[in-house]
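Two complexes come next, and they have one chain in common, chain A, joined by chain B in the first and chain C in the second.
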Partner chain A sequence: MRLFLAALAILVFAPCVELQAAELRGTGDLGIVIERASGSLQVIDVTARRALGRVEGLGDLSHASAVFSPDQRYAFVFGRDGGLSKVDLLSRKLVKRVMQAGNSIGGAISDDGRLIAVSNYKPGGVRVFDSETLAPVADIPARYGDSGARSKTVGLVDAPGRRFIFTLYDAGEIWVADFSNGGGPAITKFAGIGDLPYDALITGDGRHYIAGLFGEDGLAHIDLWAAEPRVERILDGYGRGEEKLPVYKMPHLEGWARAGDRLMLPAVGRHEVLAVDADSFQEVGRIAVHGQPIFAVARPDGRQVWVNFAHPLNDTVQVIDVPSQEVVHSFKPGPAVLHLEFTPRGHEVWISVRDSDKVEVYDTRSFEKIAELPMAKPSGIFFTARAHRIGL
Partner chain B sequence: MEPVRLLTLSLAGLVVLAGMPAYAGEVPPERAAALSYLVRQDCGSCHGMTLRGGLGRPLVPEALEGAGADALAEVILDGIPGTPMPPWRGQLSEDEALWIARALKEGRIE
Partner chain C sequence: MRLFLAALAILVFAPCVELQAAELRGTGDLGIVIERASGSLQVIDVTARRALGRVEGLGDLSHASAVFSPDQRYAFVFGRDGGLSKVDLLSRKLVKRVMQAGNSIGGAISDDGRLIAVSNYKPGGVRVFDSETLAPVADIPARYGDSGARSKTVGLVDAPGRRFIFTLYDAGEIWVADFSNGGGPAITKFAGIGDLPYDALITGDGRHYIAGLFGEDGLAHIDLWAAEPRVERILDGYGRGEEKLPVYKMPHLEGWARAGDRLMLPAVGRHEVLAVDADSFQEVGRIAVHGQPIFAVARPDGRQVWVNFAHPLNDTVQVIDVPSQEVVHSFKPGPAVLHLEFTPRGHEVWISVRDSDKVEVYDTRSFEKIAELPMAKPSGIFFTARAHRIGL
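And now, the complex of A and B:
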C-alpha cells in the first residue's frame, strides 16, 4: 500500500517537478540576437551556446539595439521604425509594443530601471517611457536655433542620478535630462560642441561623455564629475588636415571602449583605431587597421580590443593587443560582420555574420571558433549582463 | 587585324557612342540583384533598410521626385562633400550608379 502511494505520488507530482525545473532558470547568461531583415530576434543561452527560440513582430530592425531590465528578464528593443518593444526572455513573448516615433536610433534605461528613453530622428528628440507599462513619461523635442527646427538625436546613454544624456546631430549640442526629481526633466544644454556629432559613449564609471564628430577631426568631451561640467575638445585635429577616406558606414562609439587606462576609439575616415589616455584624454597612439573601424570593443578585462569594419572591408575582424598596441590576430568570418559581443568575463566572443546567416562564437585566447548558430541576417548581439553596466 | 580596318571600326564605335548618353544604366540581372541587396543592406546603414531614411535622407520614390536620375547617379558616384554621403566611385561603375538611381526613383529596389 505504501509502495502504491509512493508510486502514485511520483506519477502525480513528477510532471510538476519537471515543469518547474523547465521554468525555473536564471537569466544572467541569456541574450538576444537581432534578425534585422525579418523583424525578429532569437533568445540565446550564452553558456549552452544555443538558441532558445524566436520572437517575431518587432517591426523594422534594420538598425536595432536593446537594453535590459535590472532583473535581466526583459529586453527593451529599439527599432528603426520608432517601435519600442518589451520582450520577456523567459516566456519568449512580446509583452508590449508601442510605436513612439517615425524613425529611431536607439535607447537607454535609467539607473533605477524605471525609465526607458528612446532617441529619435523623426520627430527629432527623446521620448521617455515607464519601463513597466511603456506609458509615456516625458517628451523632449530637440529644438534648436531661431527657427525651432528639430534635430536628430544620437548617442543617447544613461548616467548615474537618473539622468539621460544625448547629442543633437544637426545642432551640435549635448543635452543632459535629469529625472531625479521624479517629475519632468531638468535639462542642461551644452551648445557649440562641434560639427555633425554622429554618436557618443559614456565611460563605465559614468564620468566621461564623449561625442564623435563627423564634420571635424576631434571629439567633444564632458567630465560629468566636474563642479561645473563643460565641453572640451579632445584629439583636436587627429587627422591633421589629411584627406579623409570615404566612410561607407558610421562608426559606433557605444560599447565597452575602455581598455585598462586607455580609451580605444574608431577614427573617422581613417583606417585607424585611436588610443587615448583615459585620464588626460591625450592621444597615446594610433593603430593601423584593415579598414574604417565600426566597433572597437574591449574584451571586458581590457587586454584586447576587437575591431570590425565598414563596407567593403567588412568581412574581417582584427584583434589589438592593448599593452603592445599591435594587431595580433586577423581573420575573415565572411562578408558583413556587423557586431560582436563578449561574454561578461571575456572568455568568448559572439560575432554576427549577416551575409552567411550565422552567429559564430570564438575563444578569445586561442582564437578558435567553437560554435556556429544559424540566424536570419543577424546584426546586434546583446547579452543580459549589460543590465548592470552604466551606459549599455 | 589590318590597321585600316581597325581604324574604321574604332571610328564607327565613336560615332555610335557619340549618339548615346555617356552611359546606359544597364546591368545584367544577377548584378541587379546584387545592387538591390547592396542598396538595402549597405546604403540602408544610413538611409534605412526600408529606404525611409535614417541619418541620411529617405530614398523612396516620393522623396526623390525633385531629382533627376543623372544627378542622383552623380551623387552616388561622387558623394556630397561636407556630409556623411561618401563617393561610391571605385565601388560602383557609372552604369551601376545610374541603374541604382533609376531603380530608386521607380521603386524597383527589391
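And now, the complex of A and C:
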C-alpha cells in the first residue's frame, strides 16, 4: 500500500512538478544577457530589473546575438562557433542546440517566425532552419566568380515578405533570399556593390538595406521598395576627415538608428557621429564625441541617441539630444561598456559593463542609475520586444 | 486514513490544478477580440490563428478599447459604461473590475507600465489607477472656465516620460499630465485649440499630438519636442471639398498612420484618404476611395495602408500602395467591417466583420484569406504587441 501510494504520487505529481519548475508569467518583458567568457546567458526580468536564472552550455559566444520567437518564449542564440541554440525563457532550459557551421556571425528570424537563418563564415553562406525543430530547411552556399569559391556572409537581416538579405564579404555582393513561396528560396543577386562589405543594416520599416564597405569610403544602398531595386553608393566620404585615423574597432551598423527624420551613425575611425537625412541619405551634420563610436542607438522615441566607444575610451557613454545635435550628458559606467538596450518605450536603458562584471540600468530622463545586476563578463543585451520589430 | 489521504490530496493537488488551468506559454502573440453585444472578449493565439477562450462580464463594450501590461500578460479593457477591467490572458479570467465613472471613452498605459489612465465623459476628466491593483492614484477633473463646469475628455494617449495627454471636448483645451515625479501629476494646459475637438492621436515617436476638430475645418497640433510647446493649426481645409458632404461617422484618428515620410489619414465626409507630409504637415496628395474612410491603418512597414468605410459602404476594404498612392486591391470581407489589426511585422491582418459574426485573417501580400474565426459581433481587435508601442 505504501509502495502503491508512492508510485501514484510520482505518477500524478510528475507533470505538476514539471509545470511548477517553470513560472507561469508573461514573456513580453523578458530578455537575455550574453555572458561571453563562460558560454552562458542570464534570463532577465526587465520590469523587476533582476536575473531569473542562468542557461549554460552555449559554446563560444564572442559577438553572439539573438532573435526571439513571435510568442517571445524562445531565444535563438547565434554563437561564433557555428552553434545555433534554442533557449526556453520560461523553463530557462536549452531546448536544442545544433552545430550548423564551423564559424558564423549572427542570424535572423522570418517575419512569420517560422524560419531561422544563420550567417556563416565557414562554410561561407547562409543556412536556414525550422524555428520549431531546428531541422534544416535550406542551404545557400555563397558561391561567386568562376572558381566557385564561397564567400563569408555578413549583415544578415530579415525583411518583410519572408525574405532574408545578406552580404558576401569576399565577393562584394548582396543577395536577397525570398521564401514567400513556401519551398526553396528565390535568390536575387546584386553584384559589384564595392570592396569588402563588413556589415549591414535594414531600416526599421524594412525599406532600405545599407552595407558598410571596409575597402571604400562610402556605403552600398538598396531601396527595396523600388520597382527595380538596384545598388547605389551613398555617403561617399563617410567618416573621412582631413587625415585618416587608425580604426580600433569597426562600428556596428545594427546600432544605426532613425531619430526623427535623421539617421545617426558612428563615423569610422573619427570621434564623430554623423547625422544623415533619412530620405536623401545626404550628410546633414556631425557631432563631436568622446571617442571612436561603436554603437549609436536611438531611444525608441528617437529623441536621444546613446553612444559607446572603442578601446581605450570604452568606459564612457554619451547622450546626444537629437533636435539640437548636442551632447547633453556624459558618464562613465565603468570599464568596457559593450552594449546598450532600451526598454521598448524607452524609459530605461540597460548597459553591459564587461570588466566590472555587471549590467547597469539607467533612467533615460534623469540619467540616474536605478539598478545594478551582477553578470559574468556581460556583452550583448537583448529584450524579447525585438520579436516584433523588423530587422532586429 | 482514507479521509486523511483525501484531505492531503486536496491540499497538495490544489495549487497544481490551479497552475494547469492556465497554459504555460509565451504571451507575445496573444490578443483579444471585443464581442460588443455580449460584453465579452475572446483571447486569441495570433500564431495559431485560433481562439483560446472567452472572458465574460465586461459590461457595455461599445467603442471599447484595450491596452496591455509590459509583460503582455494582462489586458486593461475600457468599456463605455465607465468600467475598467483587468483580464489575465493566461488564465483567461477577469482579475478585477472597477466602475470608475458613469461614461467613458478609452484609456492609456504609462511608458513604465505602472499607471492606467481612463478618459471620462461623466464625470468629465481623467482618472488614473495603479496597474497592479487598480487602486486609484489620481483624479483629474477637467474643470474649465469660470463656472467650474467639467468637460468630456477625448483623445487620451500616453507619451514618453510617464505623461498622459488628453483633450477637453467642451472646453477646446489640451492637457498634459506629467507623472514623472512619482507623486501627483504636474498639469500643463493649452487653451483655445479650436471648436469641439473630438479625438486625437500621438505619432509613434511620441513627438506630435494632433486633435481633430468637429467644429472647424482643420486640426490642432502640438510639437512636444519644442522648447516651448504650443498649439498650431494644421491642414486648414482638412477634408473640405467643393461642397460639404454629410458625415455618416467621424473617422478614428488612432487609425492615422505614418507610412514612409507621409501620414495617411481619412478625410472627413469625403471619399478620400489624404497624404500629408510628416515633417511639414502640408497636404501632398489625395487618394479616391470607395466610401467615407473610418480607419486608414498602415501595415507596420508602412508600404501599404488598409482602409475600411462608414455605413452603408462598410462591407468593403481597400488597400493603398503608399509609394504610388494607388488603390491596388479592393475586396468585401462581409457586412460591417469594424476594425483591422496587423501582426507586429505586418505579414498578416485580422479583420472583424461584425454582422457575419466572424474575424477573418488575410495574408497582406497575396491578399488571400487564410483563416476565419467565429466570434459574436466582433468589433475591436487588439494584439499584445501594442504593449511595446508609444501611444497605442
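Keep in mind that, in the parts below, the second predicted complex is superposed on the first by the 362 of 392 C-alpha atoms of A that agree within 3 Å, B and C clash if a C-alpha of one lies under 4 Å from a C-alpha of the other, contacts with A are read in each partner's own complex, and residues count from 1 in each chain.
One rule holds for everything that comes next: a contact is a pair of C-beta atoms (placed from the backbone, for glycine too) under 8 Å apart; a residue touches a chain by one contact, two chains touch by 3 or more.
None of the values given here were measured: they were computed from a predicted structure.
**Student:** Touch check for A:Asn103: first (chain B), second (chain C), both, or neither?
**Tutor:** A:Asn103: touches chain B, not chain C.
**Student:** Have a look at where A:Asp261 lands relative to chain B and chain C in the superposition and call it first, second, both or neither.
**Tutor:** Only chain C is touched by A:Asp261; chain B is not.
**Student:** So in the superposed three-chain picture, is A:Ile390 touching just chain B, just chain C, both, or none of them (first/second/both/neither)?
**Tutor:** Once the two structures are laid over each other on A, A:Ile390 reaches chain C alone.
**Student:** So, A:His311: does it touch chain B (first), chain C (second), both, or neither?
**Tutor:** In the superposition, A:His311 contacts chain B only.
**Student:** For a test of understanding, state which residues of chain B touch chain A in their complex under the given definition.
**Tutor:** For chain B paired with chain A, touching residues are 41-42, 44-46, 48-50, 52-55, 79, 82-84, 86-88, 91.
**Student:** Spell out the part of chain A that touches chain B in their complex, as residue ranges.
**Tutor:** 36-37, 60, 62-63, 80-81, 103, 105, 121-122, 152, 154, 169, 196, 198, 214-215, 246-250, 311-312, 336, 354
**Student:** In their complex, what parts of chain C are in touch with chain A?
**Tutor:** 5, 12-13, 16, 19-20, 22, 24-29, 46-47, 68-74, 89-90, 111-113, 158, 160-162, 180, 205-207, 225, 260-261, 278-279, 300-303, 323, 343-348, 365, 384-385, 387-390
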